[in-house]
Amino acid sequence: MKQEKLPTPLRGIVPPMVTPLLSNDALDVNGLEKLIEHILGGGVHGLFILGTTGEAPNLSYHLRHELVKRTCEQVAGRVPVLVGITDTVVSESLRLANTAAEAGAAAVVSAPPYYFTPSQDELVHYYKHLADRLPLPLFLYNMPSHTKVSFAPATVKAIAKHPNVVGLKDSSGNTVYFQLMCNALKDNPDFSLLIGPEEVTAEAVLMGGHGGVNGGANLFPQLYVDLYEAALTKDFELIGTLQNHVLEISSHLYTVSSCGTSYLKGVKAALSVLGICSDFMAEPHQSYQAEEKLKIRGYLKEIKSNMQGQYQSTVNL
Amino acid sequence: MKQEKLPTPLRGIVPPMVTPLLSNDALDVNGLEKLIEHILGGGVHGLFILGTTGEAPNLSYHLRHELVKRTCEQVAGRVPVLVGITDTVVSESLRLANTAAEAGAAAVVSAPPYYFTPSQDELVHYYKHLADRLPLPLFLYNMPSHTKVSFAPATVKAIAKHPNVVGLKDSSGNTVYFQLMCNALKDNPDFSLLIGPEEVTAEAVLMGGHGGVNGGANLFPQLYVDLYEAALTKDFELIGTLQNHVLEISSHLYTVSSCGTSYLKGVKAALSVLGICSDFMAEPHQSYQAEEKLKIRGYLKEIKSNMQGQYQSTVNL
Amino acid sequence: MKQEKLPTPLRGIVPPMVTPLLSNDALDVNGLEKLIEHILGGGVHGLFILGTTGEAPNLSYHLRHELVKRTCEQVAGRVPVLVGITDTVVSESLRLANTAAEAGAAAVVSAPPYYFTPSQDELVHYYKHLADRLPLPLFLYNMPSHTKVSFAPATVKAIAKHPNVVGLKDSSGNTVYFQLMCNALKDNPDFSLLIGPEEVTAEAVLMGGHGGVNGGANLFPQLYVDLYEAALTKDFELIGTLQNHVLEISSHLYTVSSCGTSYLKGVKAALSVLGICSDFMAEPHQSYQAEEKLKIRGYLKEIKSNMQGQYQSTVNL
Amino acid sequence: MKQEKLPTPLRGIVPPMVTPLLSNDALDVNGLEKLIEHILGGGVHGLFILGTTGEAPNLSYHLRHELVKRTCEQVAGRVPVLVGITDTVVSESLRLANTAAEAGAAAVVSAPPYYFTPSQDELVHYYKHLADRLPLPLFLYNMPSHTKVSFAPATVKAIAKHPNVVGLKDSSGNTVYFQLMCNALKDNPDFSLLIGPEEVTAEAVLMGGHGGVNGGANLFPQLYVDLYEAALTKDFELIGTLQNHVLEISSHLYTVSSCGTSYLKGVKAALSVLGICSDFMAEPHQSYQAEEKLKIRGYLKEIKSNMQGQYQSTVNL
């Protein structure tokens, strides 16, 4: 077991990896290997598994634990692995965290328990108590569209006092919130503020955020790394070019259907079209059918043509 | 193992039982026994465990399975036991259903997987596939405030064609929806339409609904049974009196705090004040403190005084 | 000017009249006359103009004032006329109320100002101050789907102390709320509790509500009056038959499109198909086109055939 | 009448001016004059009246028309004046637009009619028809928290083909949306994309947006102008300093109460504390009382002390 020490604050692109599946209960082991190598080949700064993009809530526990082990083994310390432990059952969160620690992961990530809606006080209490028991550093995960609750700035400030709490991933899409969070935590320079939506990663980094947890980096990891670095070095010409690619990906690949999971289905279908891994989705979700995958193929072709030879995968479309 | 055959349609009061806990990971076994006897003593028509009121999503799996076994053993076939199998992981739903079948439960109950929001098509597909694999009849559970999705009438109609699907519990509070559902399913007289909120059980039964899954029946089971029967026999004088009690319970016991779980905290605190079981709540929730429990005690006293000796528990307040 | 004294509490069916329009800025005067006579011919207990169904917020002020005058003149004291004065500008609410009083209307109806979302305290203050200045009794109008705020029971209780405040129309569709409101106001027997959605009028009346403000009564006024009376006399066989008609109307006529105003467009289109008035809608809304109107015609035919000669209009479909 | 020609695209800081009021129906004429001079003294690039911050929906029409005239007269062509014409009644929108044109305003601004929720198709139709009849160029105004609808990117693209439509002000706070909008309109370089929330103006400008419609510029106009210019010239050290001030203002002045209008009340109270104009608010809103104003005073003092002599108003706190 080799573990990459977690930088404080964690910076850069930390892709939220999809979970390659063969069936509802079996990993696509080959696909997983290819996907990890594909993503790491892009120069990313970490890897986040078992998040929303990883369909974690719909995966059986043995599969989640297996994924943690296989991923950590494959990554082999090249980058820090972050493991999602979000669950409505706290003991399952802890069990996953222990597996993560044993496997050599660098940190865990938790969104609020998501059936009931906890109060802000309950969030503070829950996370302090959770952090006490965790074998790894903890990132909070703000995902109000799925959990129905947003961490208030004062709540994060209170939880962040715990030495085991090292960062926040904000997937709200509301950068007013992200800016207010940056302000609330400005006295805590080791606290990592990462942003979910790739469309606003550049601006978040320009304004002091530490990086992005961007789903599109499953497909084109180097694109997002380059955009992050362009933002870091304030190379606005390059930002302009790369941001265009990112917005084309988002506008086309993630909107093929109008359902609430069109983003996730789009990423999985595109990975399958690119020959990287299976696009099977765990119940209750249905993968895209042939018609939608044809559209995805068309958009991928166009996007790659716009990229003029950059960020190519090996597959001909 | 003795199993009560499930009536078609299931009618009457089927209390959604709270889960008595000593700690986050241990049942209050004595409390459970007392609670079951207390509820069954009220003449209820069934018992629903592991629903929202049962805090199911926050209970560890071994505890859920233990609760199923202990409850079925204690009930011993006196009434049908319905077991909630709602989960984001379908294999855990199936595992719980199997335990329920082995323990002698009469049916299972499932709300949609609740982190992602499935489309109506995905709900149809998910539930048909689930029902194929279930060892027991299935009730759908509509709970949009927690799951973010409502079963459309056409969706229920489509799923209800499956021979294993026997009813719907609607906890939306929107009786326009319930009436439209009654209309959509009027050609299916064996399909049971149960309503969650106790404040509208009487009217739902008057208008053709089959019964209520009412949280207050943890506290005063006979009150809800009497109200159900008064609605069935259209005894409006009695409905008037009993509905007043029900509304007093709802107005006072369930609104002691303004948090989203004040109903649940109120029921648990009241059960503890009544000496029936512990009010410990699983993480991330916090039970009421002394101050709020004092208010609960005061309201209980008032409510019981209004009941003039009816529906008494044995405890002096 | 002849004015019908307002009964306390107001009881029965008070249809929320659509506003027949020839253009964005002109009433369909003939249609208005026919519509009023059609509705009054059904034996209704009042007439509510300039509500949501009346498209009030989209009508120019001269047209609203003209509608008040023409309606009161045509009704000529046969039933109480209630006039919606909901507006974001309080002086316009007052101006409308004065026109209503001069024209002989019996009461005014007001939903909260609806761009900003007032707090409960602001609602209390606003309505007490408004009621002080009104020349007519006031009904509160709860319509959270459009105004983004619901009157809390305590808020209604506080406002209802004002002698000018005589009732509440609840269009939330949430009958738990309606029941809690009945309980909160049980010491105020002159306060009228009316329900908006026709699908739940029967049960609301059975449980102590005073009547319904039902949009379908534009189309089949006597049906809703008969249902109200059946509920009042607890004639459950008749309730069953009539409720079926009501649910068929709701399930089919109001769902022809999936837009947020499909109810309103359905009622207007059906009135036009029935030859009663124009289906023109004020900006920004678009009336149904030929294709949707054909569907409406088909449903109307089926609904009328189910009614077996009852509730016929004079038009052959 | 002197009119400033509207630049295409409009760029810079265009403060959404509060409306100084003496009573529900009377402008604070002196306050208005002082406020306009205060704002223009900060070097702003335009002035937007009768928006959300201007409480437009709650102002009587004569007052809105008077405000347009007085403001244009006072501004006297120094900067372009933009006039909000948002209304549920289209004829009132047109009447305001005509007054604006006569008074010398440069453009009008419109959010969707806000009681009913129009479909995207209806938005396209409504705005094309509106733009046909307007005497001035039109800015769309995206304000989903108040209007319950967001302009889809395709909707804006369709409306933007109309030659009279010159820009969009986005107040959603969702910069993912803003970025997707920038992408959707990248072939239309004359179309102005302005952002509402001041917390994200810097990043929006860095990423290609044209400027900010920032409420805080009522208080400290030059701060927002300097921040805009720092973003334009990519002076990141200055951006860092100024953004801190902006976030302090937002974190403290706009959160004194928890009601939905705490931002607006905070701005008005601060203007009154600064001696610039009255903080009276139109019904149904209530201005802050002494206690909250004391807090505002304290925060203002702190904010100004952090500014170290920059952005001072003339009042001692």
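Going by the order they are written in, the chains are A, B, C and D; count residues from 1 in each one.
Just so we're on the same page, a contact is a pair of C-beta atoms (placed from the backbone, for glycine too) under 8 Å apart; a residue touches a chain by one contact, two chains touch by 3 or more.
Protein names from UniProt, one per chain: A, B, C, D = Dihydrodipicolinate synthase.
Here the structure is a predicted model, which is why all the values come from computation and not from measurement.
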Next item on the list: For the copies chain C and chain D, give the interface type as same if over half of its residue numbers appear on both sides, and as different if under half do.
Entry: same
Check: If you take the mean of the Cα atoms for each chain, which one ends up farthest from chain B?
Finding: D
Next item on the list: Could you please state the distance in Å, as a whole number, between where the Cα atoms of chain B are centred and where those of chain D are centred?
Entry: 50
Next item on the list: Give, as an integer number of Å, the spacing between the C-alpha centres of chain D and chain A.
Entry: 35
Check: Which positions in chain D touch two or more other chains at once?
Finding: none
Next item on the list: Going by the contact rule at the top, pick out the chain A residues touching chain D in the complex.
Entry: 153, 173-177, 179-180, 182-184, 186, 197, 199-200, 202-204, 206-208, 234, 236, 239-240, 243-244, 247-248, 250-251
Next item on the list: Could you pull out which chain A residues touch chain B in their complex?
Entry: 24-25, 52, 57-61, 88-92, 112-119, 121-123, 125-126, 129, 146-148, 259-261, 264, 282-286
